[in-house]
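What follows is subunit A paired twice: with subunit B in the first complex and subunit C in the second.
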Partner chain A sequence: MNIRAQVSSVFHLDKCIGCHTCSIACKNIWTDRKGAEYMWWNNVETKPGTGYPTKWEDQKQYKGGWEKAGSDLQLKMGNKSALLGRIFHNPDLPTMDDYYEPFTFKYQDLTNAPAGDDQPTARPVSMVSGKPMKIEAGPNWDDDLSGSNIYAANDPGVVQLSEEEQQQMFAIEKMVMFYLPRICNHCLNAGCVAGCPSGAIYKRGEDGIVLISQDKCRGWRMCVSACPYKKTYYGWSTGKSEKCILCYPRQEAGEAPGCFHSCVGRIRYLGVLLYDADRIEAVAKLEDKELAAAQREMILDPFDPEVIAAAKKAGIATAVMDAARKSPTYKFVKEWGIALPLHPEFRTLPMLFYVPPLLPILSKEQQGVQKLADDFFTSLEQARLPLKYLAGLFAGGNEEEIKAVYRKLIAVRIQRRNVTVGDLDNAEVDKAREIAGLSTETIEAIFRMTSLTSIKQRIVIPPMLREQAIEAGMDPEAYKQEMGFGSRKAPKRRW
Partner chain B sequence: MIDMILFGVFPYVAVALAVAVGIYRYCFDRYSYSSQSSQFLESRALFWGSVPWHYAILLVLLAHLLAFLFPAAWGTLLGAPGRLYLLEVSGMVLGVVTCIAMLVLIFRRAANDRVSAVTTRVDWLLLVALLVQVATGVFIAISMRWGGFWYVHTVSPWLWSLVSFSPNVDYLASMPFVVKLHAVNAFFLVALFPFSRLVHVVSIPLAYIARPYQLVVWYRQRKQV
Partner chain C sequence: MSVNRWCCLCSAVLALFLFLPISLAAATDDAGRGKELFVGSMAFELGGAPCLACHNLSGFGLSAGANYGPDLSTLYDNYGPDGVEGVLQSLAFPSMEAIYSTRPLNETERADLLAFLKQASQLSATPETGKLAQQVLIGLIVLLGLTFLIGKRRMRATRQPLIDRQRNLINKGGLQ
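Up next is the complex of A and B:
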């Protein structure tokens, strides 16, 4: 057993209101500079929808993630030599048009234009070339446009549904959408790490954060293609790839990552998960439908004495183990089993999990009165979003995974309704609990963690133990008042 | 005198610059080592320029290198007319390919607004120097047959005289102008290497083949805590 700790996240989609505060926080901290304008390390997509970059989920087009080649696992882009052979031109690289061309407006024309009969206008200009341009896409261009026949109808997850299911989704009175906030998944079997010819991308051993060494990156841009989530971005001005760093400088100072801290809906949970690194390869080779469950299986119990002993042997600090025992992600993913990975079939073992949005019809209007649905568990199958669609997103097509989560979420709602409104039969509450397989206490715990937690309970940052890091051997006084913040040079082209 | 400067002194200056500035840049500004790819901004024309350019120029350079390192073996290789024609004709074809590809790349940089926005003056200097190099190369190959032969008796000994620090510029001094231009421009490119995006040629990521897919870096000693 090779135990490692991973800072992982859970996003509770029922709570996401699609306000994009996370995206703005991230943009203001990290990507508000030349060459990074188009990058959204954190973005929020409307689902069903085509996302950012357009149709990123369609790996027939982008060739991201892994596939099984016989008994081996290889990148969908091809094996290592095939990948090097395409180093001079990468056929699977999305271009700026797949994201959008960043633009601004010539605001000065509004005040500087000579007096005349026409109202002065601020024309849009490209932030790349500085020339006037026609805006055809922008950040979050298809926000709230689910149900449209341009965006939602082209969602790769929708396209694979049957005609009838698509009809069901787009019947106007049933029209539905939800938000999918996305950051880097800091995967266990990361495609970007595996695809980097320079070996510039690596996973931090202590906390599992995946980073790109800016000094080692040579701009071969294979990571952009290899990441199935398209969460590495090529800096067109600097010639370096960049990605979400899970705000490790903030975490090392004990602060929540920017997007977590700013989340208005408080949908984001962060905590340590322990896993067995020896099992990564075996799990990544399983069948699509087994992946979500297998990933849950490989997460280890931080309360198990055997695990604690093995973790000690592997050099995981006791303080990190304490954090692992308080981890809300452990509860959501493993203990309660209500958070699922996004697109596990890409086989990167993503460590960002989602509580799927609860969208079955729970109540109906009858003669002006809101009535609960007759049978919650047949209504599951009549969910407004087909289970097949959600299973395609969060469970590699395994509808049983989604059903299991929904039964639990519904049981939580029924029990809470019984507590707060008290208009239900106890028998009905017991039945829901029984079908979900949850105890009253567990349901109460899920409810509290979902709605009544403070930031310290939602976001449990393990101590990063910088005092033990290699860099601590460097004399901080040597750079004092000399290099400013850190000792790196400005990220721009100099030669 | 001018011959001495161009063929006896300048090559040393160029190589010294390449090594010294190259190492300086690697040590003190490693961040700047990048291919500066513009494929993200424009992909189609790059395919038709970059792919043929790189593969053709690598083969052409390989032939130059082999003829310089092993002149005797190269001379024997070209001894039979069949092999001579095969090598010379493939060399010419590859040369023409590099010329066309470089024209595509130059046109792309000039015509595409996005790509020209990320093009610096040094980039233009490099592109023009590369075009001059491949154009003179093709001209020499076609008009002065057979280059493969006389290279081993003129250029190769000249380069070896440079390597042994006893430069003999007579080999080059008697050559036609276009050959001199080709030789001087070659060392100009060597001199330009550390100052331009050409630094990416030393970043050949062959280690990728042998390394494991996943990389994990530990920031502290893995010891009992």
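Up next is the complex of A and C:
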């Protein structure tokens, strides 16, 4: 057993209101610079929709993530020699139009225009070329357009549904959508790390945050195509690639990452998960449908004495173990089992989990009595979204995983309705609980964690122990002067 | 990767077309030695430049032969044996004089060249423009093919085709 700690997150999609505050917080902190205007390390997509960049989920187009090649695992973009063959020209990248051309407006024209008969206007100009442009796309261009016949209809998850299911999804009276906030998943088997020809991308040993060394990066852009989530971005001004850093400088100071801190809906949970690194390869090679379950199987119980002993041997600090025991992500992912990874079939083992959206239920009234527990899973009509669609998103096509989560969520909802409204039969509440396999106390705990927690309970940042790491290498006083924001090092030339 | 393989194959074929017409058989008779002197595979005794460096002679393909001086395919027919012999002796043209006044051809070399030129005039009296055109055409097609194959590797847009498809449907009246 090779235990490692990973700072990982859970996003509760039923709580997301799609306000984009997280995206703006991230933009203001990290990507408000020349060459980074188009980057949204955090973005919020409407589902069904094509997302940002357009159709990022379609790996036939972008060739991101891993695939099985015989008994081996291989990047979908090809093996090392194929990578070398296209090192000067990689056609599997999103074009600028697939992200969007960043724009601003000539605001000074409003005040500087000479007096005339017409009202002065601020024309849109490109932030890349500075020339006037027609705005035709944006990072959330399809916001709320759940029925659009361009963006929603071309969602790679929708396209694989049957004609009948698609019609049902887009029927006007049952139109449905939800928001999918996305940041870097800080994967266990990251495609970007494997794809980088310069060896510039690494996963931090102590907390599993995946970072791109700006000193080593040479802008080959292989990480852009290797990442199936399209969460590394090429900065055209610096000539280096960049990505979400999970606000590690904030975390090292004990603060929540910007997007977590600013989340209005309080959908974001953060905490340490322990996993067995020896099992990564075996798990990544499993069948699509087994991946979601197997990945959660890898996560270890921080209360288990055996795990605690092994963690100690692996050098994980006791303070980190304490944080792991308080981790809300452990509860969501493992204890309650209601959070699932996004697209596990890309085989990167993403460590950002989502509680799938239950959405308001369409319940049928029969002779004045609503039957919830009995009817909910007997017919697909009751679920707002086709289970197949959600299974394609969160479980590698395994509908049983989605059903198991939905049973639990519906049990929580029915029990709470009984408490607050009190219009249901006790028998029905018990039945829902029985189907879900949860106790009254667990349901209460899920309810509390979902809706009544403070930020300290939702976001449990482990002590990063940077002092120790720094002291091992250099004098802390010298470090304070030399490192941090604004430090610049000339790249080491090897020729 | 298959595109790369195609590129390699095509350039190999192209090279084959260019160099195929040169025959490299060694010869022992007068005309054969003359040919070797003309082409430059055998050096002139005093080190004069081979004829093919500046002149063309039909039958040597595209890559061999030059057009700095006039085409010599019809030299023998136009001047006759005496005329050619005279020319080879003095080589008193302004651009040739600079080279050959200090490096004249000796008698056997002159005789060999004469024999070769005579033979060449008998074999094919006119330059083969048809064959040249054919080779140029094939070369052009191969080059265009390569350009097409390289063009196939360009990045493909994703978003714009979605919009275009929808616009086309609307224009055809398929959707409102």
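What we mean here is this: the second predicted complex is superposed on the first by the 452 of 495 C-alpha atoms of A that agree within 3 Å, B and C clash if a C-alpha of one lies under 4 Å from a C-alpha of the other, contacts with A are read in each partner's own complex, and residues count from 1 in each chain.
FYI, contacts are C-beta pairs under 8 Å (C-beta built on N, C-alpha and C of every residue); 3 or more make two chains touch, one makes a residue touch a chain.
Since the structure is predicted, the reported quantities are computational estimates derived from the model, not experimental observations.
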Checklist entry - If you stack the two complexes on chain A, which partner ends up touching A:89: first (subunit B), second (subunit C), both, or neither? => result both
Item to check | Dominant contact partner of subunit A by residue count, subunit C or subunit B | outcome: B
Next on the checklist: Once chain A of both complexes is superposed, is A:418 in touch with subunit B (first), subunit C (second), both, or neither?
Outcome noted: neither
Checklist entry - Should A:154 be classified as contacting the first partner (subunit B), the second (subunit C), both, or neither? => result second
Checklist entry - Which holds for A:168: it touches subunit B only (first), subunit C only (second), both, or neither? => result neither
Checklist entry - Which partner does A:55 contact after superposing on A: first (subunit B), second (subunit C), both, neither? => result second
Next on the checklist: I'd like to know which partner A:453 touches here: subunit B for first, subunit C for second, both or neither.
Outcome noted: neither
Next on the checklist: Between subunit B and subunit C, whom does A:137 touch in the aligned arrangement: first, second, both, or neither?
Outcome noted: second
Next on the checklist: Considering only the contact definition stated at the top, list the common interface residues of subunit A for subunit B and subunit C.
Outcome noted: 89, 91, 93-95
Next on the checklist: Show me the residue ranges of subunit B that touch subunit A in the complex, using the header's touch definition.
Outcome noted: 25, 29-43, 46-47, 50-51, 53-55, 113-114, 116-118, 120, 122, 195-197, 199-200, 203, 205-209, 211, 213-225
Checklist outcome for this item: subunit A contacts subunit C in the complex at 50, 53-55, 58, 61, 78, 82, 85-86, 89, 91-95, 97-98, 136-137, 149-151, 154
Checklist outcome for this item: In the complex, the residues of subunit A that touch subunit B are 80-81, 83-84, 87-91, 93-96, 101, 126, 128-131, 189-190, 193-194, 196-199, 201-206, 214-221, 224, 234, 236-240, 280, 312-318, 465, 468-471, 488-489, 491, 493-495
Next on the checklist: With touch defined as at the start, can you tell me which subunit C residues reach subunit A in the complex?
Outcome noted: 1, 4, 153-160, 162-163, 166, 175
